[in-house]
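Below are the structure tokens for one structure; questions will follow.
A, B, C and D label the chains in the order they appear, each numbered from 1.
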């Protein structure tokens, strides 16, 4: 069986989403990539989380061709593989319909950087894609979803490692990270940050984002060569 | 004992509503129909969920006449039987007072199709009935509740299999499906969709619904002859 | 030991409040009355719920004089006893600081009868008292709290058995019932109804209350000589 | 090992924050001070709560110099030690990013004293600091955070023992108390009070705070020489 360890990590990331209340039924999916072998491990489509096993994970190449697995891969596979091809430093992708992040996506609004919780994980607002055209939706829709994310980061000059999540307009969030654990962790924090951003604008419609200085201070406390957080 | 398997499925659907936090105390009820025999199995009225047993389910004909059972049926029975008589493809009906769907019903507002979570299950907004007249309320009230649902679908040209739920104005939601499992599942997703619609309009009062193209793409990914989701 | 059964019922009502998430730490209290003996059983002040025992309940007369018990009674005792002296059909009183009902109390707003969930339990809006005067607060404050409730019902011509709860302005809800079980049940439903009323006005600021016809239909389905709900 | 009992109390306070849903992952931290020895016990940085042990707590002096411990202390240490140096009656400090209190902090708004739940614990609004300057953020940021809190209390003439919490603008709350148990308790109640304040202003934008008389009555019922609450 190919990629035993990665399968386990991807399964664990999927289960972390359940444990943290980010998914309902079989919604949501996580995947991981082995860059050396050019292979992706992803959750099968529509299988209950409580019976998921590592060997049920589906292995594909970077263009979504199935290499190993009896099950059909997640229906969002083409978004995952596109992100792996375009964002070369990411090692895992997570997609959920978590309540508050999805509500920002449905409203077509980015999640502003209102506080230090946000700044600890996301170096700036979490962006939202443009609305997909009818042509894109009618065509290679799942692929186009990935393109919309990549385009949003390219045009906005946003580093996907500094802002490891994006809201797909009218749909829901995608998050990523260096590995499956980080990607799931980022998806969980994204939801927490979205909850608090929702409360913040409810309390004060024109609330200010944090200053660049505070964004720098908190983000670089946890990331980069000079990080000081943790052991 | 009549309809052993259907009793178990209906009980399981009732318990799923409890497990997912959709009902408080003895609120809510689920039923199922055996089309061949023309019999309905429904939860008894006001019995605690944690002591409910399959043999306590009440069996009636399609006009609510009790055929088997020691207990009184749910007080909403006449709405269930009317829906079975009018919506010929449905196999089960679920009624809850789940928090967010009920709040839309109380506000007299439909649940707009704001995102793909909605589109995966409901092919358009979840409609709300007209306000019942005093005559209807004073007369065969529970029957009239069912009539209001059917009228809303007929007048709106809505296919009950494509939009498997309706909000009763000033009351709460009814959901249905091909079988008891599906009906409960739809009621659970309806509540999740209502939560996110509530958050969406809080964030942006005039938020746009998804395009017809996105509605088509997501709905038909999970439903109909060309469905690709799941195994 | 006096009133063994009533102690157990009062303890159970207190624990029901914890189980349903209505109280934090030692907030909240329930009491019951034995009308024949003219005795009240009430939770002791500030004792952790998870170590509460029936024998720790405090027994007082209808004016709050301690008859049996090693512990100090709940600091809200004088509100409870006043309600027993003035509302002669009630058998138990429950006080919580449950989140949504308390928020209406803090806003100085009644809970409108927006739907059938409300109508099933409360035959009209749940009223809110006037703001207590500085004199009342500086004087027999806990007694005055009870007076404000009674005054609100008397002046509004509200039957305390038909609307078994009141919000104390700037404070929190009191609920009551024929016995301890009912009073706790009413407090739990009050919170559910408050949650949905909050959501309803968020969705539609000027939402309509249910019609008198619907209020009648639902309330009398569960209460009075012609009740049909349950077994 | 130094300060065995204090380590256990600080650990217990940290775990109370987890139990009450105030922290996500390794967010949040609690510390305690031994005034006689001039030593502070604080949670290590970024260690999972479910493996935390008393011996992993870090001991520092009142200026944050490590005296005992293999782990790095919480990154917020300098705020804790400053508060101990400036607020001489406090025995413990707790910092969380709890959802509603943090949302008020992100909106730059104090938590008004809308009801008796608030008045039972906080003798007036819970204040919010000024926005930190870029110089403060770029300099001794964690120390400056503590300074902003102290300055807010000094300039507002607020007694830190009467209002045992402060919101740091754009960041999150700090709470404190006579000992670790009290500080955690205050942080938990702060979040409950913030939730209800959020609901209150949602229901009524210009809601009134409680009167000075009610604030006095409730606060002094639980605090000071004449307290009557509890056993």
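Definition applied: a contact is a pair of C-beta atoms (placed from the backbone, for glycine too) under 8 Å apart; a residue touches a chain by one contact, two chains touch by 3 or more.
None of the values given here were measured: they were computed from a predicted structure.
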For chain A and chain B, chains touching each: none
For the Cα fit of chain C against chain D, please give the angle of the superposing rotation, nearest 5 degrees. 90
Between chain B and chain C, what is the gap in Å from one C-alpha centre to the other? 33
Length of the line joining the C-alpha centres of chain A and chain C, rounded to whole Å: 46
Which chain B residues touch at least two other chains? 202
Per the touch rule above, chain A residues touching chain D in the complex are 114-117, 185, 188-189, 192, 195-197, 199-200, 202-204, 207-208, 210-211, 213-214, 216-217, 221, 228-231
Which positions of chain C touch chain D when the two form their complex? 24-27, 44-47, 71-72, 75, 97, 99-100, 102-109, 131-132, 134, 137-138, 141, 170-172, 198, 201-202
